[in-house]
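Okay, handing you the structure first.
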Amino acid sequence: MIGKRSRFLTISLIFGFAFLYVPIVLLVIYSFNYSKLLPVWGGFSTRWYVELFNSPDVWSATILSLKIAAITATIATVFGTMAGYAIARFRKFRGRTLFTGMISAPLVMPEVITGLSLLLLFITLKQITGWPANRGMTTITIAHITFAMAFVTIIIQSRLTGSDMSLEEAAYDLGARPVRVLFDITLPLLTPGMMAGWLLAFTLSLDDLIIASFVSGPGSTTLPMLIYSRIRLGLKPDINALATVLIGIVAIGVLIAGLLLIRQQRQRLAMEAQDRQ
Amino acid sequence: MSTPATEPLIRVRGVSKHFGSFTAVDNIDLDIESGELFVLLGGSGCGKTTLLRMLAGFESASSGSITIDGADMAGVEPYARPVNMMFQSYALFPHMTVENNVAYGLKRDGVARAERRQRVDEMLAMVELDSFAKRKPHQLSGGQRQRVALARALVKRPKVLLLDEPLGALDKRLREQTQFELMQLQDKLGTTFVVVTHDQEEAMTLATRIAVMDEGRFVQVGSPAEIYETPCSRFVASFIGSANMIEGSVIEVNGETVVVEGEGGNNRFEVNHSEPVSVGDSVCLAIRPEKIDIALVTDQAATGSQNRLSGTIKELAYLGGTSILRVETEGGRVFEVTSPNRLRSVSGKHVFDWDDAVTMSFPASNAILLTS
Amino acid sequence: MPETQLTTTQAGFVEKVFEWLQRNWAKLIIAIPFAWLLFFFLAPFFIVLKISVAELLIASPPFTNLLEWGDGILPSVSASIDNYAYLWQDPLYVRTYLNSLQIAAVCTAICLLIAYPMAYAIVRAPGNMKLILLLLIMLPFWSSFLLRVYAWMGLLADQGTINDLLLWIGLIDKPIRLLYTEFAVYVGIVYTYLPFMILPLYANIEKLDFSLNDAAADLGARPAATFFTVTLPLTWPGIVAGCLLVFIPATGEFVIPDLLGGGNVLMIGRVLSSEFNANHDWPVASAVAVVLLLVLVIPMMLYHRIQAREGAY
């Protein structure tokens, strides 16, 4: 019986992962296809990569997206850390319910609604104050910060509620004032969480199509917007090449993170073994 | 096996359990009679829990056979066995009320609603939790949870109740009280209990028989008194209670007693022996701390036992009812001695004090001669 | 002399600022993100609400007249219900809402059926393996969503991999239409949102005390009974969280129906976008958004409650 159950679990795992990975693998394989007609295999070639790297609008879109993502991630991490700290450490303040509501809503809010509402806000603002004169990088960044900070907040909040307060209390006990404790103890402890939050905000921003398309103006095309306009009408081999490059970068990043995690775990195990001796 | 007319309730024959290259249980034979309160006692990793889980059906034996009430248990799933278990952390279903926890097993057996109700109520009354029926486990104290777990396992009227560290999660006071409740309950119901514990005091209180386990094997099986008074090995003597152990060799054998020369020389002890030994055998003497008489050197009333030693008190712990003394002999050997505080002391001055010179003595029959 | 006086007052000012910060740092930590969200998250919804009750006549061209709505909200109240009435009367909108909800619900159910055994299997996997499997679940999540949808275009196209495979096996003799159908939208949504289902389920099953399963078996429950009476009720919060995390965004999904469904699949996200970008009917687009928000507000509040409770632990 137990054997049957674990066999069912293993099979579901294999099928699940096949479902998740087969499309990606095929995408990568076809990026090396010579033929312009995607499904037809015309022999191995790297011509689409050459074409990709020689395409100026791909480069400019990539640079714009990276810039927006970096600024978004940094500011969203600062705001998200503040918000996460506030929710986890200040049990009561006026508007707490509204605050936590506004934090958890963007996690599930359909992007079309967020995009539309922000666009209308920017237009209204321009009517009243004259700013923002043009929609583009600034408006996209503001929009991205708004939804990315919610994700950072959740990470920071769960780290803080998961850890006990004894370290902070020890610092108070040794005579540190609240602000000192915040900078000497709490923030260093939160660094891994902030790094995770930064990375998440960065990828969320890099990945966003819908909100960016709503709040961008002429002349500011992010990478997802560029990809979208190209694939709307069918398959494009150079997009396969682009996808392969992006997936490769992410895979290497995750691989490094995974190896670091495993090494950390090994070190901890080794340390525990030493303790036992 | 000597009385084949009455088949034991649980019969374990040659059971082993391997996890990879690790042997958790090593070729065990065991008979448990109906109505016994049998305790498996041992340190962590000795295989006691694995043996219990094999009886419950959560692990299957790598080899050997387990028979319960005449039926071979090989391949029988946990849910089809005539045994129930009380889990170490109780494993109460957190999303069900006390009542539904207790009723769970009866529902699975398809017991009719009216009967189910009656049996649950009866059981809850027996463990004095009738007023808590509607509560969830997290609204109960540790002791109450323990009783719910007991009720849940007993309501199915199993032939055998398996208890995995039943009192481990309770504090000391509650544990002592619950030990007696558990015994009374067992006496009333007549159910066979098999208890796993690492706590030797708990084992001594509860058990009709104890099996001491080490490295997957039974080291000794017997009544609590047998195990305490005549341990069969150095391991059992030191694991159950405390004992002063003296390694040495036999230098003289006469009739009932032998003379043992302790290591380091210059200390000879005369002790009774039950097993045959001969001159030159290396043996171990075990003397329980409470079986040594102790008196101040100045006290002339000291007894005339066979074995006398003199020394000085190096450490002293006053426990109220008794005191534990550590006495160093001239040869440098340290003995632990318990001495009952029979006289009330009001001045803060006790019979014994640090650095007092004392005489210790014990009759030949008080020491245990261990050969293994 | 006056110079030193000036510096002392300056120093005093800086000191005062520091003092103020020392006393009010907590307020500041709350106030900054709070203000940001109020302004960039909450306020825009009120603008959407306001525009949704305006008339298209004034709104065309929409840029110039926005401010007038701001001043003259009262006169436009009479016309306010028009946009909503229009949505209600046009069977296309009603059908689109219902269709979106249905697609989201079915996809959520399929995600749950695939994700539950996977999450369970990952929890039961040994140490290092567990870590690797979790990373593999998150890997697609870190890579571009748009490109993963695009990958399915290659699989589902008329001359795509699936049709090629079926032709080669001989199951079909001419390509079947897969891309630009509702089926493709289902596949795309399930594929994209599967990790969002697996991760909360994993987090929940991970916390499960497996001795409860033993206890149930010991009390006579067969594996199926154990699952339905113990495992399922105890992992319910994870199931609800995962379902909401899939259902809510899937309802308003725009890219997947657009790329995989073509023009053939009606989903509200697409309608909203085309109402806004193609028809330039901002009031109706806003009304569509408000109604979508109203439809989703209950599941969103449910999600918020779970999130808040998890945080409280």
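Order as written gives the chain letters A, B and C; numbering starts at 1 within each chain.
We adopt the following convention: contacts are C-beta pairs under 8 Å (C-beta built on N, C-alpha and C of every residue); 3 or more make two chains touch, one makes a residue touch a chain.
It should be emphasised that the depicted structure is a prediction, and the values quoted were computed from it without experimental measurement.
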Dominant interface by contact count, named by its two chains: A-C
Centroid comparison with subunit A (C-alpha atoms), farthest chain: B
Between subunit A and subunit C, centroid-to-centroid distance (C-alpha), Å: 15
Centre distance in Å when subunit B and subunit C are each reduced to the mean of their C-alpha atoms: 59
Where subunit A and subunit B are represented by their mean Cα positions, the distance between them in whole Å: 58
Multi-chain contact residues (two or more partners), subunit A: 1
Shared-contact residues (touching 2 or more other chains) in subunit B: 77
Interfacial residue positions of subunit B with respect to subunit C in the complex: 56-58, 77-80, 83-85, 87-89, 91-95, 104-105, 108-109, 152-153, 156
Contact set on subunit C toward subunit A in their complex: 21-22, 25-26, 29-30, 32-34, 36-38, 40-45, 47-48, 51, 62-63, 66-67, 70, 114-115, 117-118, 120-122, 124, 127-128, 131-133, 135-140, 142-148, 150-155, 157, 159-161, 164, 191, 194-195, 223, 244-245, 248-249, 251-255, 258-259, 269, 272-273, 276, 282, 285-286, 289, 292-293, 296, 299-300, 303-304, 307-308, 310-313
Subunit C to subunit B touching residues, read off their complex: 209, 211-212, 214-222, 225, 229-230, 233-234
Subunit A to subunit C touching residues, read off their complex: 1, 5-6, 8-10, 12-13, 16-17, 19-24, 26-27, 30, 37-40, 79-80, 82-83, 85-88, 90, 93, 95, 98-113, 116-118, 120-121, 123-124, 127-128, 142-143, 145-146, 149, 153-154, 157-158, 161, 177-179, 182, 203, 206-207, 209-210, 224, 227-228, 231-232, 234-235, 239-240, 242-243, 246-247, 250-251, 253-254, 257-258, 261-262, 265
